[in-house]
Each structure stands twice: as structure tokens, then as C-alpha cells.
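Naming follows writing order (A, B and C), and every chain is counted from residue 1.
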Amino acid sequence: MNGQIHPSARLGDGTTLGAGCVIGENVRIGAQCRLGHHVVIHDDTVVGDGVRIDDHATLGKRPMRAANSATTKEQELPPLSVGEACIVGTGVVLYRGAAIESKVLMADLCTVRENVSIGRGTIVGRGVTVENFCTIGRFCKLESECYLCAYSTLEDRVFIAPGVVTSNDNFVGRTQERFKHFKGVTVKKGGRIGAGSVTLPGIVVGEDGLVAAGSVVTRDVPARKVVVGAPARVWRDVPVAQLLENQGWVDS
Amino acid sequence: MNGQIHPSARLGDGTTLGAGCVIGENVRIGAQCRLGHHVVIHDDTVVGDGVRIDDHATLGKRPMRAANSATTKEQELPPLSVGEACIVGTGVVLYRGAAIESKVLMADLCTVRENVSIGRGTIVGRGVTVENFCTIGRFCKLESECYLCAYSTLEDRVFIAPGVVTSNDNFVGRTQERFKHFKGVTVKKGGRIGAGSVTLPGIVVGEDGLVAAGSVVTRDVPARKVVVGAPARVWRDVPVAQLLENQGWVDS
Amino acid sequence: MNGQIHPSARLGDGTTLGAGCVIGENVRIGAQCRLGHHVVIHDDTVVGDGVRIDDHATLGKRPMRAANSATTKEQELPPLSVGEACIVGTGVVLYRGAAIESKVLMADLCTVRENVSIGRGTIVGRGVTVENFCTIGRFCKLESECYLCAYSTLEDRVFIAPGVVTSNDNFVGRTQERFKHFKGVTVKKGGRIGAGSVTLPGIVVGEDGLVAAGSVVTRDVPARKVVVGAPARVWRDVPVAQLLENQGWVDS
């Protein structure tokens, strides 16, 4: 139960491992990290200092390609990198080919796929799916159980509420034409999407724009406007007190 | 592969463990329990008699606090307690600071966080998230993949259908003011929320009230009324045959 | 960490196991399979040749029956069978009593329950729940985080988008009468349901019918029509270029 650590792996000073951990070839783990039980870290993964990784997490997994997948490519991927002071929850699955900056929280049972970058201080909530080819900025919050489809972009300080569903294929899995048009959601700096909302392919939420809970977004959301309904329409301005510039937040 | 059991842990008569289990300091497990493989039980957890715990489950996990979490506090937490004859599914994550009564079923891959209580005989479905600071009564059903946000209250015999999303923050992550107002859903005795519905912050569903599937609930739901739509409006009375008092259920 | 393999289990030529795997009594695994770390395979499970099974997956689990479950029966179940060249993701849970044909991809953290059949070449996405008593055809795509309720039928080439929620109980957990009427969704050949849509109990989507994203489906969907809205109404014909017959797909 003391696990299986490849002789080429390097663990920093003060790093501790729980029972049954498996550490692959050429893995680099920083100092003062705390790994739980049955954690699996695949070959070449790089983990910074002071990272907490909870039980049953899997890091550096290689993609599984279905015969008829639409968006998963055969490719060489750079190793997974996890920045310092990140927290990786129980049962989390992080893919090779993801680049995660420092102080990111990835809560229990979330998945981050290949060809994804996540900026410093972002929270990826419980059960969240971040599909491949996504770019996520700094200090975002992806709340529990939201779904970020492939080819999405979130700028800094974006808020995605629980249960939000995004989509990227207006052809719904048909035609060859569709491969040219896959496009997920783009949320500009400080944009927010409320609980349980659904966004159609290619939607852009403008800076500090807000989608009210339970909406179906079929048109772009103007900056600093609140949209609501199904299909969502402009309802009013975002309250001044809620604008990003009035939060007093420092990006540290 | 016979696991790692802390010498201070106590296991009752007839309790069996699968391969690779990890049992922490001062854990108390009752008699006639059946633990699967690779189960992890953290320090101080108390498990009653006759509990089934399936593979890869994690019990008694300590919270992970993000630098900018809105609702997770630094605190001392009482040990996790799991009552007799409970069933804990595969990959389930239960936090320290949850109190779970007897005969509760927690299905595969669900999460129950700290500062939560769950009453006797309740079913927490597959993949369900119960966030922190929730109170759940007896004989409730939280169906697969529903999401119960922090600061929610479910009284007895409440039914939450698959894919329901609840919310608790009308300020959508902005302003200091919001911290005074966090409020999830409150569902009174026998209230029901239909599949895929979304509830706005602070909604109260009255006794035996019913939200039809696919609704967006922006106002409180009167007792014994059915609401439907987005935004949901009163449609009709709950059919008499469906009232809680006409089910012949005994709370045993 | 070399795991625990029951002496009665049989592994085919060239099959490799990661650390900490647990292989039960009478399990049969084909040739050239690749098992990850901490994989658990319960008694009697049959796995074909060339199957990839990732870390922390659980195969052949027996159902958990809650005292007051509505649809889980006490029963004898045939062993789980997984066909050749399938891919089983990280943390996946497959139940005894499921029959999975060849080349099926079951992505991370999905669950397939008992009394389910899945046809060749189908993709079951990340986090998907397939409840008991479902029949799924060949070359379907169940995208990430969709929910397929008990008593559902998907014919061949069906597409269920991310976050779709289906339901099967018009009585929402009340009356004895309801037990006679449980009925999930039926999607005929090539039918498609868009992202985040909700279907009411018993809905039939006709051949090549399409539900637009974010809809609430309260009536059957005619063949080759697009429905949209809440409640969903017929909007137009499915574009000819998107019809199944015009994709040039060969079922190989």
C-alpha cells in the first residue's frame, strides 16, 4: 500500500503521499505537496509546489479517441502542468495537454481535457466538464455541474453558474460542413451566465454582460446588459453595483 | 492489497473490507458492514451497523477552501457520521461535518458536503451534489444529477427530479452585499420539483406544491398548486390522488 | 500494488494490468486489453479483446436497492459483458446486467446500470447516466452530462446533446397508479435532441426528428421536423443536408 513510484520521478522536499499512489515515469512534483490515497499521476506530469491532490484523482491521462469522434484528434500532447498552490479534488480527472496556472481549485469529480489552459486563481466547480480546446482566463468561477463545450473561451473574471450548458454545433452532429463551424461560447471579461441557462453555438457574451438564470441564449449578449428568457432578450442594464470595475478586486 | 488500517480504528463484528481500503485514525465502523475495494475513510468518521460502502468511495474528506470561495468557511468540523443500514455508492464523496441518519441511499458519484444533515430513509441519487449548509429531511428523493445549492432546506418527503438546478445568489457573484442574502431553495413537506427545472435564489415551494418539468421558478410556489412555465405561473391544483396525505405512507 | 486477481479469472494474451487492480471470481478478459490502475472488475464479468479500461473504473457492480426505490427490482442478473475494442474511461461505473456491444466508448465518470443494452459503436459521453431498463442502438451519441432515465429506448444513430434531461413519471413520485405508466423517452432512428432540452415522460421523437436546444418537449416530435420552444412546437423541416440518409455513413 505504499504505492508505486517510478524511479525517474522526482518529489520535492516535504511532499507526502497517501496509500496506493501511482507515480509515472518522469513525473515532477514540487515541494510541500500533499497527495491523498490512490492518486494516479501519469508520465511526464509536472506539479508545482504546495499543491493538494485528493484521493482517487487522476492526472495526466491520455485522451480516448472514439472511432467516430467529431473533435478529438490524434496528436502529440505536451505533459499536463499544474501550477503552485493548486487544489485538485477527489476523483478529478486532468488530461495530458492541459496547462493549469497557480492557485486554481479543481473541485471533486471535475474533468479538464487536453488542449485547455486555465488561468491563475480560477475555480472549476464540482463535477464540471471542461472539454478540449478551451481557453479559460484568470479568476473565473465555473460553478458546480456547469458544462463547457469544446472550442469555448472565457476571459478573466467570468462567472458560469451551476448547471449551465453550452453548445458548439449548429448542425447537431450532421453534415461535413459542421466541422468548419464548431464554435462554443465566448464570454468576455467579467461576463456572467446564470444558473441552468443554455447557450447556442457561437454565442458571445460581451464584457460584464449577464444572462439571467434559466435562459436560452440564441443571440449575442451586449456588454453590460442583462438578458433573460427563452429566447433571451435584453431586459435592462447590469446594476452599477455589480459591474466588475466596482468590486474592488485586485488580481493578486 | 490488504489496505492500511490505523491501529486506533475499530471495526464491528462481521464487517468485511475489500482490497486496498484505507481506514484513518479513530474511525469507528459498526457491525456487519460491507466495504468494497479502495474505499477511503478519513479520521474520526463514525459508520453505523449494516452499512454498505462501494468501491472507490471517500468518507470524511476535509473541505478544500479556494482563496476566493464565497461560502466555504475555515472552521472546525465534527466527524462525518453515517447511520445504520445506509448504502454508499461507488465513487461517492462524503465530507467531514455531514450528519447522515439511517437507511439513506447515496448513489454512485454523489457528493455530500460539510454542514449538511440528511434525514432517515432519504435517497440521494446518482451524481447529485448537495452543497454545504443544507438541511434535508426524511424520506426525500433527490433524483439523479439534481443540484442542491448551499443554504437550501428540504423538509420531509420532498421530491427533486433529475437535472433540477437550484441557485442562491441574486447578485451572481458580485457585491459585498450578496453575502447577507445567500439563500437557496426551501421546499416544504411533500413539495416536488419536476425534471430539469431551475429555481431562482430564495424560492419557497409550499407544502405539497409542484413545479412542472422544465420550468423556471421566479416566485414562490403556493401549497398544493402546480406551477409551470418560464417564468412559472400557477396552472392548477395538485391532483388529489397525488397529495401526500393520500399516499398511505408510513414513516418507518 | 500488483493487485488481487482471483485464481479463477482468465486474462487473454498480451493483456496488461496497472497497479492495484482487483479482478473477481470467474472474470474473463480477452487478449490485448489494457487496464489502468485501481480498476475493479467484479465476479463473472466478460470483457472482449482489445478493450481499454482506464484508472478507477468499476465493472460488474451489483445494484444497490433503496428501501423505497420505485424502479430497482430484486433480481438475478446476467454478468456484465463488454464487447471487443470498447473503451472504458476513468471512474466509469458499469453494472452487472448490462450488455455492451463492440467499439462502444464510455467516457470518464459515466454510469451504465443493469438491464441495459448498448449497440456497437455508440458513444456514451463524460458523466452520462444511463439508468436501468434502457435500450440503446448502434452508433448513437450520448453527449456529456446527458441523462437517460429508466425505460427509455434509443434506436440507431440517435444523438442526445449535452445536458439533456429525460423523465419517465407523470405522477412525479406519487400514487400506486404510476407504476403502470413509467415510460421514458423513445427516439426513433436518427432522432436528435439538442443541448439542455427536457423531455416529458413517454415522449416519442420520430425518425430524424430534431428538438432544438433549450426546449421543453411536451408532445411527440414528428419525423423529420424540428421542434423548438417551451413547450416545443413544430418550427420547420429538418434541413435536407442533415437527414440521416444524406450523411453517407456506413454502419461498419
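The rule is simple: contacts are C-beta pairs under 8 Å (C-beta built on N, C-alpha and C of every residue); 3 or more make two chains touch, one makes a residue touch a chain.
Bear in mind the structure is a predicted one, so any value in this text is a computation, not a measurement.
In this structure subunit B contacts its sequence twin subunit C using mostly different residue numbers, the overlap staying below half.
Copies subunit A and subunit C of the same sequence differ by a rotation of 120 degrees once their CA atoms are superposed, given in steps of 5.
In this assembly, the C-alpha centroid of subunit B lies 25 Å from the C-alpha centroid of subunit C. Taken residue by residue, subunit A touches two or more other chains at 1, 20, 38, 56, 91, 109, 127, 145, 163, 230, whereas all remaining positions touch fewer. Those residues of subunit A lying in contact with subunit C across their complex are 1-4, 20, 22, 38, 40, 56, 58, 61, 64, 66-69, 91, 93, 109, 111, 127, 129, 131, 145, 147, 149, 163, 165-167, 171-175, 177, 198, 200, 216, 230.
Contact residues of subunit B toward subunit C in the complex are 1, 18-20, 36-38, 52, 54-56, 87, 89-91, 103, 105, 107-109, 121, 123, 126-127, 139, 141, 144-145, 159, 161-163, 192, 194-196, 210, 213-214, 229-230, 241-244, 247.
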